[in-house]
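Below: a set of structures, written as structure tokens.
What follows is subunit A paired twice: with subunit B in the first complex and subunit C in the second.
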Partner chain A sequence: MKNEAIIQFKNVTKQYDNDPPVLNDVSFEIEKGKFYTLLGPSGCGKTTILRLIAGFTEASNGEIFFNGKKINDVPANKRQVNTVFQDYALFPHLNVYENVAFGLRIKKMNNIDIDKKVKEALSFVNLKGYENREIREMSGGQRQRVAIARAIVNEPEVILLDEPLSALDLKLRYEMQYELRELQRRLGITFIFVTHDQEEALAMSDEIFVLDQGKIQQSGTPKDIYDEPINRFVADFIGESNILKGRMLDDYLVEFVGKQFECVDQGLDKNEPIEIVIRPEDLEITTLERGKLQVCVDSQLFRGVHYEISCYDKDGNEWLVHSTKAANVGDEIGLYFDPEAIHVMRLGETEEEFDKRLEAYTDGEAGHGK
Partner chain B sequence: MENKFTRNIYMVPYALWIALFVIAPILLVLYYSFFDIEGNLSLVNYQKFFTPVYLKMTLSSFWYAFLITLISLIVAYPTAYLLTKTKHKQLWLLLIIVPSWINLLLKAYAFLGIFGTYGITNSFLEVIGIGSQQILFTDFSFIFVSVYIFIPFMILPIFNSLIELNPTLIDAANDLGASKWTTFRRVIFPLTIDGVKSGCQVVFIPALSLFMLTRLIAGNRVITLGTAIEQHFLVTQDWGMGSTIAVFLIIIMFLFMSVTGTRKRGI
Partner chain C sequence: MEYIETDKKRMRTATLLSIVPGLGQIYNKQLFKGIAFLIIFALFVIEMINFGAEALIGLITLGSTPGMDHSLFILIEGSLQLLILLLFILFYAINFNDARKVAKLWAEGKKVNTSIKSILLNMVDNGFPYLFTIPAYVAMVFAIVFPVLVTIFIAFTNYDFYHIPPAKLIDWVGFENFTNIFFLSSYRDTFLAVFGWTVIWTVAATTLQITIGIFTAIVLNQKFIKFKRVFGIIFLLPWAVPAFITIMSFSNMFNDSIGAINTQVIPLIDALIPFVDIGSLPWKTDPTFTKIAIILIQGWLGFPFIYVLVSGILQSIPEEQYEAARIDGAGVLQRFRHVTMPAIFTIAAPIFITQYTGNFNNFSMIYLFNEGGPGSIGAGAGSTDILISWIYKLTTGTSPQYSVASAVTLFISLFIIGISLIVFKKTKAFEMED
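Take a look at the complex of A and B:
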């Protein structure tokens, strides 16, 4: 086992009665000092993972390790983790100071140390001077900070955050994303962040676990997951994408919409049926002659940063294009893209096989002398 | 103008009710309390109240009401807590409330049968070898039956405040290192204290003026303020003294209400 792995799941399953499992044979490792995000739609099992780590629920099967020690039977109050809850779960009968001091008082720390630590934690989250406020007098964003201060004051090795930003308005959410990321860097504590918001996950994480139907679909850095999604679910869930069925003709040659295109993938079986992904921002509007695809503009939305243009080719496939230039609805246009823009996904590939294949590319590229 | 007028119209039945059945009786009681047994205006009743006989009675009323409230609370809190954990909590709650719909007198008579010399309790004690005991007309039977009668009124407000408690707060306390007992002491109990207070109010205040049970179950061995009022009005015909005791009872109730008054806290 790697030394810096602080949390490890080994074949963990969580199942209620005879319902389909919420978590199905999940294994992963969490390293010290990184910002992790568990990302997925509601009901994918991400919060269950958090509750298993915190100790609020027990695994039906499998083992959970913390710093190399099995913690399946360790109760929540004996675990070195603290949670920031979705609804903050601040104690309404205590003021800000006492909320933050709660964990320290239970540890029977003396009042001088408590005072020092509470004030330190509050200044960490920019709430200096709010000590004597009641919780009901605080705004949503401030409550959020109190909840974070209450967690960090205990100096846990891991902080679990259960969709903590979902109740905030958009502007505050963006602000808190920066603050959380900054806080994690300053503290150097492992953060495990649960969200269903892919933008949030991409912006904040060192590592993302994408979950669906109780299984980890893909794990990796935000860039890996965005650029190299393993399957249709990940490609669709993370960002906008054009996903089409195709066929791998040969190394570096792929066929879809009845045409052949140069690509950068290799090592697949000849004539293997595959799916391809092209991100809308990788499609460039050009003239019909220059375009690799010829499409008709169907509709267009102005999104502020870019136009979102929906086009159809003559086979009826929809092509989503993000462009800073506007197009005219009804026009026939050409779409150009680089070979690198095509990402090939094998059907039913596991994460292990996928990683191996990606590594092979790097080796292959090295062999080509690139 | 129109709105204000209609609003006042709606207020009429309520105002009438309060005037006729709350304010008028209190004023009447206050009025009678200033007359002695011969019908002369005097403060003799108030003087009498501060004699050892009545002070002892007041103290004894307090003591029994306190015991009844305390025992009800000790039984009701864990019961309410367990109820919130059951699967069909509303059904269980209903089963606990149903006995309170039965007339108090009927329940008292039922206990006469159960606790009587030839009742099932004594038959049971006989069987297990302890032998027949005098259960009826003791402090024990009085408190037991009173607690039995009042307990649904204690369980209900506590149950409601426990239901309202956000379960994530318990997770949060656990998460911050609190054991089950600490979580109860520092989070669950303080957050359900309003339920406990209103439970205590609805038990303590009626318990202070119990009179029927003192006769039927305690065999007049327990004399409370309620018994004294009843005796003065129905037996000695000293309405003045009865009213004076009632005045003090009303004062005590208001004091108790303000002490246990609920101050709404929370988000």
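Take a look at the complex of A and C:
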């Protein structure tokens, strides 16, 4: 069953003067009631998408639909969209209550309704009893919640969040990640969340759009994107990866670092040059004999959850290993991995082709009756 | 802490002996400190005998023989002596306190500095901040408190044209000057008229300059304006030219018969706009027109400062606040009212207040434009005089009224201090935030 799309971008381009486009021919759909994340490095165009949805900038080309209606020329306040800003953009001269009530007062709602709605919104973000506080008396996390309350009080269909957690310290950020996710489920409103923090994106989203250089590189569930990155950029941006050039010898057989390995990919051209990804946590330290790769431990960092061990093979390729056991620097060790750990990426593959290929695997598996 | 009888007696003796400063300290075995205190005491006694006593008596009588006693000098000497006396009383209190404290230390068996070296060391170690600030405080007492004190005293005398020393004596008259200002018809009418105009002038001129300043800053902050720098420099020009030159130029331009306004500007307007015939206006001979001219000129002179200030504030308002307001449906005017104005006022309110108090005492604008004229409304004041220029006229001219001028000065000070305090408290501008 397919949910209805609440926001739709059709070939949207945004370009300032003659600079290279900030957004280049982007199309996507956003479904109702889900938590979306736009993920990418700074300057990738994610904030531009947000501003296009909010109505703060106009697209140079292409169409934007909201509930099936074209909204390119609809002003910001007429859209069923509200924004939570990075620095919250709360009004410093108003207290918590008045900040939340601001939009309702502009709409000339009567005081009784305002009071009811503001109290409701504040209790939603667990700020009951903070009505009369001044903004400067609130901590960063509390301000964040006021900003969210101010957004939800207007009952938008979509809430845009522009890196709202980046100003918070680590501990609070984790807390707010849970709270935001939880809040989104309770409200059932579509959230579009912008961040450059891949961990945040993986933890919170139903769906992630990875952006780079004005294009959506890949979209999918956090698990899809982590396990099956489409290209080198996505593999590198989402988590740590070992990325190497290789060659597809045959179905289920790949060659890299001069050796042949069993894999689960098929349907590629014979001898097609490809890139492979192996996640550091999929590499297992073992004896030289048992290892599929023989490497020398170069350095090691203790990361708390695991050790991050950097190794080099004799061709000079770096292998990053995450292991809960420590290794000795200078030791020769073997690295073992399963065939499933190898993820094959075709060069210059579009998202459509990529999806088709992945589907073919699962169909193939079903067909083989595995 | 409980003290035994001998200790209590010791402390009492030390304190009692300190009636002559130094003796208490010597009794506490602090010979050096005691001698130093004794010397200060001796110097004060000698000063009192040779000069002080007479000066204090003079402050009460203000002289007795006309021609011989110069009342003004006697008043000044008396004020000076009063401050010296106050300083000595402070020293005297410290002396008592010190003797008691050291005696207590003895009683509790704690260490007491008795040698010269240890006393000096203790002074440098523990009294370091005081050692450095005391000279500044003493200088402040004589440089700031002293003249203020003399002004206050003069407000309670009859120092005027008829009582110019040394030919005549000045006398204390109590609150007569103040009662005259508020109740004697000749002064009261002038005072009320001048005070009323001062308030109107302050409010109108300052509000005008703040309005123009905010307006220009906001217009120039708009994205569609080109050549912002050029306009910025033009707006700053009124500020760059010394105010008194500008005022004198305007004074000439507003001249009734040959000024540019009446001979060129108004005829041009008359010629350009059909059915408008203003004709020449009595800018300098009709009080109402003079007042209008002065207020307009002050608006012109005063706005650049506000423009600079507000420009800075506008750039510090985050764009996101406007966007947040826009999402909520706030229009241009509502964004101005709910985002821009609060930002400007929370930051600039104290500066705006100083603009008001500044214009309240804006002597040069009033005096240089038309010398407070035209005409006279009695007691030396012209029809456009404000309190400060009236004070100037009271103290200069052919029949000076120093005591009334002092009284008016005190009134201005109290008025401005009062208003400022109220407004500062209300605006929260001085609430410290972390």
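A few points about this structure:
In this section, the second predicted complex is superposed on the first by the 367 of 370 C-alpha atoms of A that agree within 3 Å, B and C clash if a C-alpha of one lies under 4 Å from a C-alpha of the other, contacts with A are read in each partner's own complex, and residues count from 1 in each chain.
Everything that follows uses one rule, which is that contacts are C-beta pairs under 8 Å (C-beta built on N, C-alpha and C of every residue); 3 or more make two chains touch, one makes a residue touch a chain.
Being a predicted model, the structure only gives us computed values, none of them experimental.
With both complexes brought onto subunit A, simultaneous placement of subunit B and subunit C is prevented by a clash. Once the two complexes are overlaid on the shared chain, A:93 sits against subunit B and subunit C alike.
Once the two complexes are laid over each other on the shared chain, residue contacts for A:135 go to subunit B alone; subunit C is not touched.
Contacts of A:190 after superposition: neither subunit B nor subunit C is touched. By the touch criterion defined above, A:107 reaches both subunit B and subunit C.
In the superposed pair of complexes, A:154 makes contact with subunit B and with subunit C alike.
Shared contact residues of subunit A with subunit B and subunit C: 54, 56, 76-77, 81-83, 85-87, 89-93, 102-103, 106-107, 136, 150, 154.
Those residues of subunit C lying in contact with subunit A across their complex are 318, 320-321, 323-330, 334, 338-339, 342-343, 346, 433.
Those residues of subunit A that touch subunit C in the complex are listed here as 54, 56, 76-77, 81-83, 85-87, 89-94, 102-103, 106-107, 136, 150, 154. Interface of subunit B with subunit A (complex): residues 166, 168-169, 171-179, 182, 186-187, 190-191, 265-267. For subunit A in complex with subunit B, the residues that touch the partner chain are 54-56, 75-78, 81-83, 85-87, 89-93, 102-103, 106-107, 135-136, 150, 154.
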